[in-house]
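Below is one structure, written out as structure tokens; the observations come after it.
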Amino acid sequence: MKSYITEALANFFFEYETPRQVLVRNRRVGIVCRLIQLGVLVYIIGWVFIYEKGYQTEDTAIGSVFTKMKGVAYTEISGEKRVWDVSDYVYPDQGDESFVVMTNFIITMGQTQSTCPELPDGKNTCNSDEDCMKGQFKRTGNGHMTGKCVNTTKTCEIMSWCPIEDDRQIPDPPRLLAAENYTLFIKNSITFPEFNVIRSNLVEGVDQSYIKTCLFDPEKDPLCPIFRLGDVVRLSGFSFPQIARVGGAIGILIDWECNLDLSIQKCIPKYRFHGLYGSSEGDSGQASVGYNFRKAKYYVEDKVEKRTLMKVFGLRIDIIVHGLARKFDIIPTLTAIGSGVGIFGVATVVCDLVLLYLLPKRDFYKNMKFKYTTVLDEEPEMQLEKVDQRKE
Amino acid sequence: MKSYITEALANFFFEYETPRQVLVRNRRVGIVCRLIQLGVLVYIIGWVFIYEKGYQTEDTAIGSVFTKMKGVAYTEISGEKRVWDVSDYVYPDQGDESFVVMTNFIITMGQTQSTCPELPDGKNTCNSDEDCMKGQFKRTGNGHMTGKCVNTTKTCEIMSWCPIEDDRQIPDPPRLLAAENYTLFIKNSITFPEFNVIRSNLVEGVDQSYIKTCLFDPEKDPLCPIFRLGDVVRLSGFSFPQIARVGGAIGILIDWECNLDLSIQKCIPKYRFHGLYGSSEGDSGQASVGYNFRKAKYYVEDKVEKRTLMKVFGLRIDIIVHGLARKFDIIPTLTAIGSGVGIFGVATVVCDLVLLYLLPKRDFYKNMKFKYTTVLDEEPEMQLEKVDQRKE
Amino acid sequence: MKSYITEALANFFFEYETPRQVLVRNRRVGIVCRLIQLGVLVYIIGWVFIYEKGYQTEDTAIGSVFTKMKGVAYTEISGEKRVWDVSDYVYPDQGDESFVVMTNFIITMGQTQSTCPELPDGKNTCNSDEDCMKGQFKRTGNGHMTGKCVNTTKTCEIMSWCPIEDDRQIPDPPRLLAAENYTLFIKNSITFPEFNVIRSNLVEGVDQSYIKTCLFDPEKDPLCPIFRLGDVVRLSGFSFPQIARVGGAIGILIDWECNLDLSIQKCIPKYRFHGLYGSSEGDSGQASVGYNFRKAKYYVEDKVEKRTLMKVFGLRIDIIVHGLARKFDIIPTLTAIGSGVGIFGVATVVCDLVLLYLLPKRDFYKNMKFKYTTVLDEEPEMQLEKVDQRKE
């Protein structure tokens, strides 16, 4: 028994199977077939390996962003001069990846909790007290109706933060048009967790002395992390005076595409700019504008809580990080090779179809390629059709 | 020499190899084998290509979100009437993708930097001054101990923002239960960088006039970007009065699954809602509630810095964008075909096993399929077993 | 006609093709070939399936984070004692995934909109009024020049928030060094949308009673979601006193790597810490420090708007969630098998090369393997070279 197993093993290890082939000497078939095989080879080497880099694995980045604005604006509103610095016009303060730069505003000073008439903007008109149901809200209103219709404005009296903000007219030109010259500094750090690579947008060559003087320019200074706000707006396809008046949202895409088989120094960011939140009418949001929110500053005066309400129009800037790194890996390499060999098999199948069904001598080739057995449900009597020819 | 190379090249190009096959005429093996091959074919075409769309590449979206709340609440606390508008109850103001809607609060007015006794909540009791080490903090305490034990409260005196907030009782019912009727407007913009597609959740059909009147409903208005807060809570599986009292976190998932081989108009978002931050006891966080933070409003009164401390309970809403686009690409198509051909090879191997090891006539088939060579380490003497039969 | 189709179908279904093989009995070739085949098999089973889990699909997580700081600091600046609690030192308040813990600050009290001389920091010196152009800004300045050169400071007079902040000296030691003992509680919820799995970092075993007492430790308590700030800084490779003085940015990476074929309870997070925003000079940002921003608190005193400006130095902490789940799926399994079979084909090709080109008996094997046809563009006259030998 043991010797039998030994022999079987020996047979297995010392034997080797290789398919028997017919070598067809036919110019037309040969050329067609070689061309198909060449095509497959070019596809596998040229496209999968060189162009699409099929021998590499991918990893997407996780990133983190810090921003800092610089610049000062000056306004003179009804005789009152005022200077606006970063703390005044950036929301929030701490340098997030998403923030708003105020470019225009409607200010309502000294609001208190009291009663006053609604804004006569046409949505809240009343003719008599019956139109103002006491204790109710209107969806278009700003507060709790007291049940009185005020004669002078023809609107309901409400309990709310009074006086009501009057936002019927957006200041034009925008009050902080100087925002065009503010500068934005972006620090971006990305990690490719699979490859254990950490990278910052302050790449080689972008050092302290360069940062002090440079300004981003898509052609001349594509790596400078300092952006003039006017440039950002222009590169996104907006007009600054228009977007400054009613606000708008802009995405700054930091695009990292890194081939880690090359030097890490070639892993540098690309900055791209586009408008966000397009309406369905616009051309993919490129031309859609309008962004505002309300911000209240609370204070206490003469024991009464008051607030200054600002309707802020501004540029909302979202820094969006997109990172993709690639590196050689044995698995995708072998998978690509393996499936390439599979496609080689397809090439053979195609050539066989030509050989066996299209050529005039197809019967001859069929006999060369195939050996037939009888239908063995019947008596198997070793009756085989002519297959091979001997020549000794 | 040159003619030799030319001949070799000619031979290579004008020749064509194709494997020689045995055509076995056996009903059982034939059917088994054809069924296996059919299965593989159905799998490749049906599943890989049609169901899983193996001929497409994928790209994940990078998105950006803007939110805006609307609604007014009215409270009457110890006789003081007050109206709360968006600036009062949303944190932060500027419409981020993650924000908090206050639904309940504990307010501590007029805190100043001074000394006062700790809250008698059981964690900071003292019997004598020795229990209160001067200049030390307690982990459970709120400030810097002065070394005195206050008799009336039986707690240490501390230096802190005084008076200390008393949060032992959470107001019930929640003070801003009206939050149920607030509405939330979401603008979402996504980019598929690989396919260069930008898309907004204000898709075709969701225009200005529709937005003015619509309200999200999973059945009737699944594309309306305006959500009633009560609906969001209900769809997440929470009860509004409970979550409004102690707070909670809800994720609104905007799910984009786009087949870019079809019309871009079919690339529309799906909104889904679920609770976040489940405890280990709960059923995957569905029923876990509790979210609060403290917010101070600072002011100066009579030259003294004071603050109003709010313990804010609220709905924290995280808008989470998940986008996946697919588009035809030649690489995954050919990879799928190639690996499909490979699996076809597996089918042949399985059939061969049946043919060569299970059938009664297996020896006959072995002779048909294999041609044996002698062990060539020994004297090769062309001793070959009977393989083929000639018929001329 | 119909019977012809029936017959063809019957032929197709009852027939079965299998390649004819040569079984080469040669020890060296056999062993080489079996070893190559074994290598491919080990690679496919061992690496692709067991090590790289090629039978699974992947999904990346979408996560949401809530944070809460705890701790109190005490300062005594020019005789004024003050206690700082969470509302005072965390920006923003609401527990975002990215926030700043103030560790040092420069405070400028009672700024008003007025005129005052620029800071004499060397960048804004003037000798006469001509150096200060009325109505202009300097990029290095803080406001709108009035056209006067102030004699005492030798700097231009500007209209701005006055007095100007003097940030020439950063307080050392940092004022809130007690921040080292603050604790940070992180709640993290992740969703794998493809597998419909929701998971929280409060995993099994991390219950209320454990959270009350535990403190994160990479060895002993790797799952405790409460972190001492000093530990976080230390584990990121920074020195606390240094980073506390000038600020810095730290990423806390919550890494979920889940094999969903196993119990869901094994899907637990790993916490990792690293410095962010490295400069080009540093070693990948590990040692880069410096983070600050300005925060203004506005108030009204005697009808005049004033503000307290804080230059905040602090730890900016970004919680970064990275989740990757894997689960068995039939598609990648079959793709891996299919491409494995393809690589098997490569093994055969390699063995054939050895057999047909390297062995001394190569001509013998060539005759065994190939059957030649004549060049059929010429007269096909069945002239075939010696291929098979018969033995009956």
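Think of it as A, B and C in the order they're written, each chain with its own count starting at 1.
The definition used in the following text is that a contact is a pair of C-beta atoms (placed from the backbone, for glycine too) under 8 Å apart; a residue touches a chain by one contact, two chains touch by 3 or more.
Note that the structure is predicted; figures quoted are calculated from it, not measured.
Asker: Report, in degrees rounded to the nearest 5, the angle of the rotation taking subunit B onto subunit C when the C-alpha atoms are fitted.
Answerer: It works out to 120 degrees.
Asker: Compare the two sides of the subunit A and subunit B interface and say whether they are made mostly of the same residue numbers, over half shared, or of different ones.
Answerer: Mostly different residues.
Asker: CA centre of subunit A versus CA centre of subunit B: separation in Å?
Answerer: 16
Asker: Of all residues in subunit B, which are in touch with two or more distinct other chains?
Answerer: Residues 14, 17, 19-27, 60, 92, 299, 335, 338-342, 345, 368, 370-371, 375, 388-390 of subunit B touch two or more partner chains.
Asker: In the complex, go through subunit A and note every residue touching subunit C.
Answerer: 12-28, 60, 62, 64, 66, 68, 72, 74, 81-83, 85-88, 92-97, 187-189, 191, 193, 198-200, 202-208, 297, 299, 301, 306, 308, 330-331, 334-335, 337-342, 344-345, 361, 364-365, 368, 370-371, 375, 388-392
Asker: Looking at the complex, which residues from subunit B come into contact with subunit C?
Answerer: These residues of subunit B touch subunit C: 14, 17, 19-27, 29-31, 33-34, 43, 47-48, 52, 54, 60, 91-92, 98-100, 113, 137, 141-144, 159-161, 249, 251, 253, 255, 274, 276-281, 284-285, 291, 293-296, 298-300, 303, 305, 307, 309, 312, 316, 318, 320, 322, 335-336, 338-343, 345-346, 348, 351-352, 355, 368-377, 380, 382-390.
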